[in-house]
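In what follows, structures are represented as structure tokens.
Common to both upcoming complexes is chain A, partnered first by chain B, then by chain C.
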Partner chain A sequence: MRRLLSIFRRDVKSSVREFLLLYIILAPIVVTIGLRFFIPSVNAISLQFALDKGMEEAAVQEFEKYGRTELLDGRTALENRVNKVDDIIGVLQKEDGGYVVITQGNEKESAKLMAYQILSGMKSQGAERAVTFSDIGAKISSVAVYGASSVILMAILLGGMVIGLNIIEEKEDMTISALSVTPMRRLEFIAGKSIVGFVLPVIEVLAVIWILGLRDVNVGMVLVMTLSSSIIAVIFGFLMGVLSSNQITGIANMKFLLIFVSASYIGAAVLPADKHIFLYWSPLYWSSIGLIRVIANTITWAQIVQYTVWIIALTGLVFLLFKGKIQKGLT
Partner chain B sequence: MTGGIEMIKVRDLYHSYNNNEQYAVKNVSFEIAKGEIFGFLGPSGAGKSTTQKILIGLLPLQKGNVTVDGADVRKSSRELFDSIGVSFERPNVYKKLTGVENLKFYSEMFGVPTEDPLKLLKMVGLEDAAHKKAGEYSKGMLQRLVFARSMINNPKIWFLDEPTSGLDPNTTSMIKSIIREKQKQGTTIFLTTHNMHIAEELCDRVAFITNGEISAIDSPRSLKLSFGERLVAVEYIEDGKSKKETLSMVDAGQKQRLNDLITRCKVETMHTQEATLEEIFIKITGKELK
Partner chain C sequence: MKRLFGLLKKDALVAFRNYFFLIMLIAAFLLIIAADFLIPEKASMDAKVLYTTEGQQSDKAKLLLGMLESEEGAKRADSKAQIIDSMKKDKNTIGIVVRQQNGEPAVEILLQGYENEKSKRALALSFGAALNPQNVDYSSIEDVVLQQSTGINDIPLNKSFVPLMIFVEPVMLGFIFLATLIFMEKEEGTIKAYLVSPIRIGEYLISKVVVMLLLALISTILITSFTVGLQVNWLLLLLTVAAGSIFGSTLAMFIASLFDSLSKAMVWLIVTSLVLTVPMAAYFVPSFSPRAVTIMPTYNLLFAIREAIFPSGSSMIIYQNIGGLLAMSIILYGASTLIYKRSLLRD
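What follows is the complex of A and B.
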């Protein structure tokens, strides 16, 4: 254990003394701080209304005065649109002529009031109608859900990158051969190098939650998803380390990995549920979907366990595939 | 061999990098006694580093038998490294860590009591640079840091690969003193070098290796006696002119010539000249040390 901690301490010390690694470590925090300021401004940029096609022409024209409008067919289409990432207020005209304002539930109060005021303005112009509100049930901004989950995924993967770059440093300085003539075992080296890939994301994830003020998020669930997802990052970190002869090659290899990360995350966030099956092969898909749902508070512990099993099993397969390469690269 | 406990024993060692009949090391056998300084001498690519790498476990043992501190290297546990120190030729240290941090980190890998890093840095004259990042060290300073690191666990068996390479004469002298002092303390030293002067000064025995094969093993003195030719360089005045001759002290005719010169001419200087280890190496192996 002493050797493991020594290797971890050395990696941290060495990482904070290298500009590139320090930037990698701090990037998720910097992005989160940016996101913290960005979230309210995104919601406040402009008003968007999804209107039912069956609405009176006058009402549609009235809404067009205050913001961008989209005409959709029926309540289901309106609810689906309101459920998307951006903030948009749905308005439906009932058969009795009254209006229903459809919201996700996480919009700014002022946005909801604006819809009410527009409809009230129409009332004062003589078109008196009853207005009711319908809340779909979301408790957190979509921007916060996708922003936080993507930053967390980034923190996890950058933890792996720190491992990779530290291994590249060992290779470039040929310090592995110096360690090979000590009683340190290869497994201790691998375990010691891996610690940073778990500790760094955990610290950063807690910081992300705190900075974004995500008080309703289940921290235990986030940490389980973070730790299980870190296994993927650690394996990729080792692969990046053994396959790359220098930092530049390392970063190039990491960019290649980011294609899979982006595909998995965007797929999990954007694709309709029935198409997700095409992403089941990717452990990063399970991380993405898990993190998104944990932040959105729409996941159970049973699902967390299910996702974790998928992640571990798929990462295990990746590890078995590259085990020989990793072992050979560390000698 | 000088006698006593065998700390390293190598028998019929072969190694091929391509796993074929092209051997980088072939039929190498030797043993090193406790407290002995054994020099492994040869030009670049002769098989010195391959042999050393097998002894310290950086290369697998393919063919032959090797025991280090009584343990078969094929079956030895990692704990064997608690009693081994290795000074690499290339300065393989962490450039972002300071000198003292490098030694402290390395010391934490061992399961035995280790030396104080600052004490070791002082021994090699790096006390002023102890808290400087190794990346800012000169080549010679890095070499000394690697040398100091190899002593951190007080090794019983010490592998030194070109320990004075790139060092100035003062530092070389300091390193030689440390090696002698360690020998006095009972450390067994395996010195790999192509520097014959260092080998001649430090080694109890040397092995000449070329093309992966050992061509001679003995003490530097015995090798000189066996293969060297004792010569005398004489500067004298004859017929008003200054002349110089180098004469053999073995050949009867040249011995007579020396006597003549001493009787007839005014001898200005006369120095005995022994063959150097380098000359003997060339004589035995037919190759120069580069």
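What follows is the complex of A and C.
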């Protein structure tokens, strides 16, 4: 145990000395802080209207109730604005009191219809009184769910990256060969190197939850998913380390790994449920779907166990496949 | 020129030996499989609507129900409880309950809870208009459509992902790879050898940008040919991707110049690449265009790639994007060259 902890201390020391650990801790936190500012603006997505400055004040105020407005000078300015890539509806008041609604042609029909309804509603208000609202009390939007889960996955993978880069460094400095003539066993070396891959993500995840204010998330569930997902990152970290003779090949291998990470995460988030079967082979799919559902509060402990079993079984398979290579690479 | 070709040959060989070409091919293959076989051709990215009725319905309410039935993505549920249950499972769902109240139809809209007031007002206005069609008067409104048929809304969903794929893979490819090439030579000390050779630091950096550009163009041709087909504006597409790749490479070069080891630079390269992909959110939700997103160079780049693959008549965005990216690339290239020169002289 002492030897194990000394490897962990050595890795931490080496990473701190080079500011690497600080950067790796800081990176997901910087992204999370950015996300914290980004989420409200996405949640506030509403219609956009480009209005002519010559419009009556009452009409401008009416449009402001339903969406974001921009005041522009004249028809040409409105047309130029509407022609830009985002969806925005132009509205102009004619001299006879009527209105012109300008669209580019690729906007959603509902957005254009809304401009018509606002203009028509100004004359006959009150119809919307028949409409009431209630909600199911969800505090986390889809953006927060996907944003938080992807940052957590990134933090987990960065932990694996630290392991991989440390092993490459040890190989380049020939310290691995030196360790083989010490009483330290290979298993102790592997376990010692792995600690950072579990400790870092746990610290990061707690920070992400705190920064994003995800008070309704079950911390126990998040930690179980984080720790089980860290097993994948640790194994990939070791693979990256032993398969790469230098940092260049290490980064190339990391890039390769990132393809599978992105495919698994985007697949879990975007693909229709009946297509998820194509991703069952990937332990990262089970991590992604697990993290997404934990943050969204739509998972039970039984499902957490099920996903964890999938992750451990599939990662175990990957480990068995590459066991020989890992052992050989660490000698 | 001969010196540059020599450097190019060497960098291409290093990239090949370190599996950059292989990884590019595998990534392109996986993206093609995803676009052709995994992503459905038809699926709505809009919120799903579940609706139900309570009690007897008047003719007015039946009119509204008829409209909901014909709406794509709207489904009838057995009860309000069933709607709430489905909404808890899928956060992209809203519910509608139609009932009679004081002899008049009334609508209760069930939301998730994080929606903003403006969206609520817009929903109320729409349903109010649907319940009282006699109050709706569009006679004084003139309709002007600037481009009658842009065709953007007719693109199948799987094909609409292709510009995104080209953006995240070929364009951003050089972002990670270029830094690794530079640090390898930094650590091996070969970069110092160039100081006493006729090779200029600028040529040394350009050679790496060109290798990344080559990888990006091959990847773009493969992904586009096997997903969308050959009927695209190849010249504009390749020029757009080239400008994007050069920008990505020079930005990576600049970030790399600020650090003394690959591992330190890599963390910030990953963070920067994540930030640069934020405009992807605006790709599927075009009304999401806050200033912080639209000023990102990758915002226009993403839409320029789409315009080159699926022309809608707004080719100006392609030229603006190419001009803007190349101008930024020149600045980044100049700054990186200066930093490398200074750090080499210092060492």
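Here is the rule we go by: the second predicted complex is superposed on the first by the 234 of 331 C-alpha atoms of A that agree within 3 Å, B and C clash if a C-alpha of one lies under 4 Å from a C-alpha of the other, contacts with A are read in each partner's own complex, and residues count from 1 in each chain.
Keep in mind that, in the parts below, a contact is a pair of C-beta atoms (placed from the backbone, for glycine too) under 8 Å apart; a residue touches a chain by one contact, two chains touch by 3 or more.
The structure displayed is predicted, hence computed values, not measured ones.
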After the superposition on A, what does A:V100 contact: first (chain B), second (chain C), both or neither?
second
### Touched partner set for A:S6, first chain B, second chain C, both or neither
first
Chain A contact check, chain B vs chain C, more residues touched by chain C
Could you say whether A:R215 touches chain B, chain C, both of them, or neither, answering first, second, both or neither?
neither
**Touching partner for A:K328 - first (chain B), second (chain C), both, neither** = neither
Residues on chain A touched by both chain B and chain C 18
Residue set of chain A touching chain C in the complex reads 18-20, 23-24, 26-27, 30-31, 34, 38, 41-48, 65-67, 79, 82-83, 85-88, 94, 97-108, 110-111, 113-114, 116-121, 123-124, 126-143, 145, 154, 158, 161, 165, 246-249, 251-256, 259, 262-263, 267, 270-272, 275, 278, 296, 298
The residues of chain B that touch chain A in their complex are 56-58, 78-82, 84, 86, 88, 90, 92-97, 101, 105-106, 108-111, 133, 146, 149, 153
Seen from chain C, its contact residues with chain A in the complex are 14, 18-20, 23, 26-27, 30, 34, 38-40, 43, 84, 87-89, 91-92, 101, 104-116, 118-129, 131-132, 135-138, 140-153, 168, 176-177, 179-181, 183-184, 187, 261-264, 266-268, 270-271, 274-275, 278, 281-282, 285-290, 292, 294, 299-300, 303, 312, 314, 317
Per the touch rule, the chain A residues reaching chain B in their complex are 2-3, 6, 9-10, 13-14, 17-18, 169, 173-175, 177-185
